[in-house]
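All chains are identified by letter, namely A, B, C and D, in their written order; residue positions are counted from 1 within each chain.
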Amino acid sequence: MKQLQKFVKLCLGSAMALSMTACSSGSSSAAASTTQTETVDAQKEYGCNAINVYNAGEYIDTAVLSAFEKQYNARVNYDTFDSNETMYTKLLGGSSYDVIVPSDYMIERMISEDMLQPLNQDQQTNEADYDPAVLKMRDAYDKDGKYSVPYFWGSVGLVYDKTVVSEDDIKNEGWNILKDTKYKGNIYYYDSQRDGFMVAFKALGYSMNTENEDEIQAAYKWLREMNDTMEPAYVTDEVIDGMVNGNKGIAIMYSGDAAYVLSQNENMAWVEPEQGTNIWSDSMVIPKNASCAGLANEFINYMASYDVQLANTTAVGYTSVRSDVEKEMTAKDGDYYENDAYTVREDGKNDEVFHYNEKLTKALSDLWNKVKVQ
Amino acid sequence: MKKSRRIFSSIYMWIVLAFFYLPIVYVVFFSFNSSKSLSNFTGFSTKWYEEMFSNRSIMEAIMVTVVIAVIATAVSTVVGTITAIGMSKSKKVVREFITQTNNLPMLNPDIVTAIGFMLFFTSLRISTGFVTMLLAHIAFCIPYVILSIMPRLRRLDPNMAEAAMDLGCTPWQAMWRVIIPQIKGGIIAGALVAFSMSFDDFVISLFTTGPGISNISIYVYSNVKRVNPTINALSAIIVYVVTAILIIVNVIPMIRDRRKGKNYEAITEIR
Amino acid sequence: MAKKLIEIKNIVKTFDKQVVLKGISLDIMENEFVTLLGPSGCGKTTLLRIIAGFLDATEGHVIMDGEDIASIPAYKRDVNTVFQHYALFPHLDVYDNIAFGLTIKKEPKDIIDQKVTRMISLVGLEGFEHKDVTLLSGGQQQRVAIARALVNEPKVLLLDESLSALDKNLRKEMQLELKEIQREVGITFIFVTHDQEEALTMSDKIVIMKDGDIEQIGTPADVYNEPINEYCARFIGDSNIIDGVMKKDNLVSFDDEDYKCTDYGFAENEPVDIVIRPEDIDIVARNRGLLNGEVKSSLFKGVHYEIIAETSSGTSKTVMMHVTGEHDVVNKEAHERISASSFMMDLEDVASLSDSEVIARANAQAWTDDEEDVSLTDISYDVNNEVGVYDCTIGTSAGTKITIKINVVKPRAVEDAENEESIQAFDFFRTVDEIKESVALDTDLIRWADAYAWSTEDNSRVEIWDVKYDFDDQNITEGLYPITFSTQGRELKIETTDKHEVGERVGLQWSPEDIHVMKKMG
Amino acid sequence: MKSFAKLTIPYIVWMTIMIIVPMLMIVLYAVTVQGNDVLTFQFTFSNFIRFFQDSIFPTVLWRSLTMAFFTTLICIAIGYPMAYAMAKLKPRSQAIMVLLVTLPMWINMLVRTYAWKGILSNFDLSSEICVYIGMVYNFLPFMILQIYTSLSKIDENLIIASHDLGANDRQTFLRVVLPLSLSGVISGITLVFLPAVSSFFIPKLLGGGQYVLIGNLIEDYFISTGDWNFGSAISLIMAIIILISMYVTKKLDKEPPEVND
């Protein structure tokens, strides 16, 4: 079996070599800006030279990976997931990753289930540059960043086509516009139990961390009604191109994707309803069973660095966790100047951070499947 | 009247074929589009091909697909052949047991077979990845190999091996020199089926793969959420390769037949 | 005489420019059992299919009851077919197969039931009504096929090689039964076969076909006794067919002898074919018959013996076999032995002489003390393309060697002008052991002597029919032995109830009316 | 030939480990409580009860079955005439036709489905129709080839015999050709219905997230929700229903239905 693995690695290696040469001509600024850094030999330094990274889809400028590989003479196997739950299940299924990028509540859960290993703080050098708001959120689930380094943060809101949806309706109805039959068949609903229910809870004026059975049932009913009357399309990352092309009038989106959509299609507008929303952050952690923790720590620090954060936020539109990057992006000549969706709302009085709650999660996952099954 | 019916039926056939080839032609056509769009052809360009060849994930997915298909085909063909030969000389109970058990993965929906593997590997704490995917592929390929060899073995004179041994062959020689040459067609057919099953597999691969290992199907599945014209290029290349291979395999013998002067009118006839 | 039912007028059928029927005309009467007889490819099945309506004739007409039926599709014709492999519908049982045609015609259920039941009893399948047809025996399937066709009450029943799939006993039985059924239902049967026995047994009229043409039409007795040519004679019954010359009316000659006959009307000295049926020849004492012969074989056929007698010999050539003692060469160091014989060969073959040819002709072999074969690797000879004696050395890689002579000669063939044949063979050398070990001595002798016979007419190869020698191969000793190779002479087949031993010299006798003289074919 | 019989031993071992044990694992998971270790499992029927208690799950199951049923029906409706037309061609043209029908099957199913996504994005079709198009597209070749094989195996003489016995073209088709090709239709049904019931990437890719089938549900419980026990129970229920329907179909094959015209 070892032999076989070796053989396969050899094969993959040759394919990689082939593609690397082509990659190096990539246009990314990140690749360019990191070339001045000295190269490190990962094998010598950390005893291993390959890491498996598991991140959400559409969440990176892949050029930064090749740059990292070059700089550390290492290999990054990069996989993506649809949702935190998919990621969690995949880990349960025996997949071993070195770096994963879950959301706040999932990190809370993984810490409580003893699935993560502490970071080597000596290797983490970027904390000082982080947005204090992000660090405050982090401390709620991971005091002082023992296990995690933030990656992106943002909120959930509505992207709507100004030429299709009246601004008044949005302002007046907030989340409830998703049940406005005027827009029947014209809706993208985000296919995630957490976000899906969050919208319903907030529309009904409840907390998204509720454990109250009546409130959960009420939210479920809200969703069923929405589902039965509105014929929404349940999507995940498809929503990005869908809204860039203006296929539907309204979409529930993460602020980062929304920022990208707004930058591509000027008919699109962003709103975070007054009823409140979910403020979230995604962070990088290292699972207990990581096989190359040393390099993983290095990778996390690399991903938190100025150049890389700049490249990533430019490419995908999510809000950087670094104050300096965020400032640059929203400055007059920045990519997201006057882009409503880029700056995360910090003063919404109904806004909440989601916390892991086993009972709630379980109830929601079942109910969510039932909602989608029209 | 007969003539009009023939015209009608050939029109019908071409419509059905058009249905089959529409998406294939479409994807090949748009693989040369200069923009990302899948509905507007804005100009000819090969940039998606360039991008595809420089995309490491795609190249690795192709590599994984081919390597797994080749190994799975080789192993399942050898094991399947040996087992089929063994079965032909086994007691009925054993033969029935193997046949029935082999039917399971073929009759079961892929997804059931797939989760079976997944539960099995996780319960044994085997971390999923290339090896687990390969094992799963071998496991679902072998029944097809056996299935395509068994009928040939059944048609074989049961005394064939005995005759060979009577003439001084060891059992192994009898197998190599007498049985295998006669079931060669079945073995080749089995190997082809195994290869295409493995090459095209998605569901079982999805559930048994691990970090960093994707085959073409998984890559396509996890990358179709955004408009991604490199997938058009990848699809187009698969179309080219499959078409070329099938033409080589099928048309060359036909041309050879034609040279021998058989049925000149056949090809023109479908029109 | 019966009424004319079907008139076939000048039917021509071509497939892809290939003419399969060349203008067939034939009248078929009501209630007649007609057999179309001929080898496969003669067009008989094509003709049948044209009558059935499965094929359209390229030219000509099929007239039934005075009406041209060319435009009537198969399913509307008053004609039904029993197919070669019966073509029973595997998804229907016996009853439903038979009822098929009636159901199609939407006859009332009770009528169908009545008719089918009658048919089932006609063909003797009572109790099999609801059996799966695929599980029936060949004979039973045959009966279902006949019943299925007859139940529609056709005017004509066509049978396409319908008995060929049955085994011999069943076929005999079905022949009688078919004839019986035909008599009972009283309709016309057109039967296609390549089996002359079937044709003779059942038919009222036999139509012998060849290459898309009718050769002869007649009653079984007519075609048997008076075949119009060699082809018909061969097709009907076992015959002795001899090349001869018609000297004048009532006198025919073959093998240099004249014989009386009752035929006349040929030109003087016209070459003809002569038929003498085996059962018409009697065996009498030597010199008492019309000609003498020697019994070459005698086979017991149950009621009679089938005897082959040779009345004149073929072409022959005698050669000498030089039998020598042991001449193995022993190589003690290598523990090997080698043996080979000198041989003679035709000058014409020198050019194509190869190592393996030398080994074969010399019967060279080498073996170890343990009787393991050793390959012969070292063969040297220097044979010029002219008559002479040459040395040849054959050896193994271990150095074991033997030298033999290759005697290149100009062959002297024996030519027999009468038979238009030549034969040649060479003297040869063999050891006692080689002769003793031979499994098929006649074949080996032909090979060793390189015996070959051919027709001087067209140079085609003629089989060596006989190898004669006068030694006991198991107790042969060194010396010279003559061996005669000969081709086949005139042989006559005789059917007689008396037993005669092989080698017996006998006289053969027949009466002038037993000879039937036919015109030479095309 | 005892020595050859021994050749099956390695595969019997492998088969037990790689086919039987995984199947047993599904059963085991289906009847145990979530979160158990394999060795300390706690037996329960709650997963099955949960499935049938909530109308949602049977609804999805029913939807998948009807979807597969109609897909199969459409495949027969389109595939039969196609196979029939093919079988009527000259032998060489038949070979080319078979090649043309087979060729798309060699191209990765996902790739072909993905291609449809592009085409369908140009039209405003309901997600249900899109899923049907994808399903029929993917499974039609199987149906055509099965029916074609059974049609081309029919002895030409049977058709001639039928004409001979007075049946016209239509009657011959209904009473001889159709009943004899039924076995091909049946095996076509097996090859279409079975994967159609459990298909999950076609609805996912072409259904725009609006069309959930039982396969998607299983995928969801295994891949994202992570409730493998319930997922196993769903799979088991599906597998049993499929086996039953296969059994019924096979029975149909034995007794071809009466054809009335």
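Heads up, the rule we're going with is that a contact is a pair of C-beta atoms (placed from the backbone, for glycine too) under 8 Å apart; a residue touches a chain by one contact, two chains touch by 3 or more.
Everything quoted here is computed from the prediction, not taken from an experiment.
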Field: Pair sharing more residue contacts (C-beta pairs) when C-D is set against A-D
entry: C-D
Geometric centre: closest chain by C-alpha means: B
Task: State, to the nearest whole Å, the distance from the C-alpha centre of subunit A to the C-alpha centre of subunit C.
output: 88
Query: Any idea how many Å lie between the Cα centroids of subunit C and subunit D?
result: 56
- request: Averaging only over C-alpha atoms, locate the centres of subunit A and subunit D and give their separation in whole Å.
  value: 38
Statement: Between subunit B and subunit C, the Cα-mean centres are separated in Å by 51
Field: Residues within subunit B bordering two or more other chains
entry: 118
Query: If you look at subunit A, which of its residues touch at least two other chains?
result: 92, 235-236, 238
Task: Just spell out which pairs of chains touch, all of them.
output: A-B, A-D, B-D, C-D
Query: Hey, which residues of subunit A end up touching subunit B in the complex?
result: 1, 4-5, 8, 11-12, 15-16, 18-20, 22-23, 25-26, 52, 54, 57-58, 66, 77-80, 92-97, 235-238, 240-241
- request: Using the touch rule from the top, collect the residues of subunit D that touch subunit B in their complex.
  value: 1-12, 14-15, 18-23, 25-26, 29, 38, 78, 81-82, 84-86, 88-93, 95-97, 99-104, 106-112, 114-119, 121-122, 137, 140-141, 144, 194-195, 197-198, 200-201, 205, 215, 218-219, 222, 228, 231-232, 235, 238-239, 242-243, 246
- request: In the complex, go through subunit D and note every residue touching subunit A.
  value: 54, 56-57, 59-60, 127, 208-210, 212, 217, 220-227
- prompt: Can you list the subunit D residues touching subunit C in their complex?
  reply: 155, 157-158, 160-168, 171, 175-176, 179-180, 182, 256
Query: For the complex, which residues does subunit C have touching subunit D?
result: 52-54, 73-76, 79-81, 83-85, 87, 89-91, 100-101, 103-105, 148-149, 152
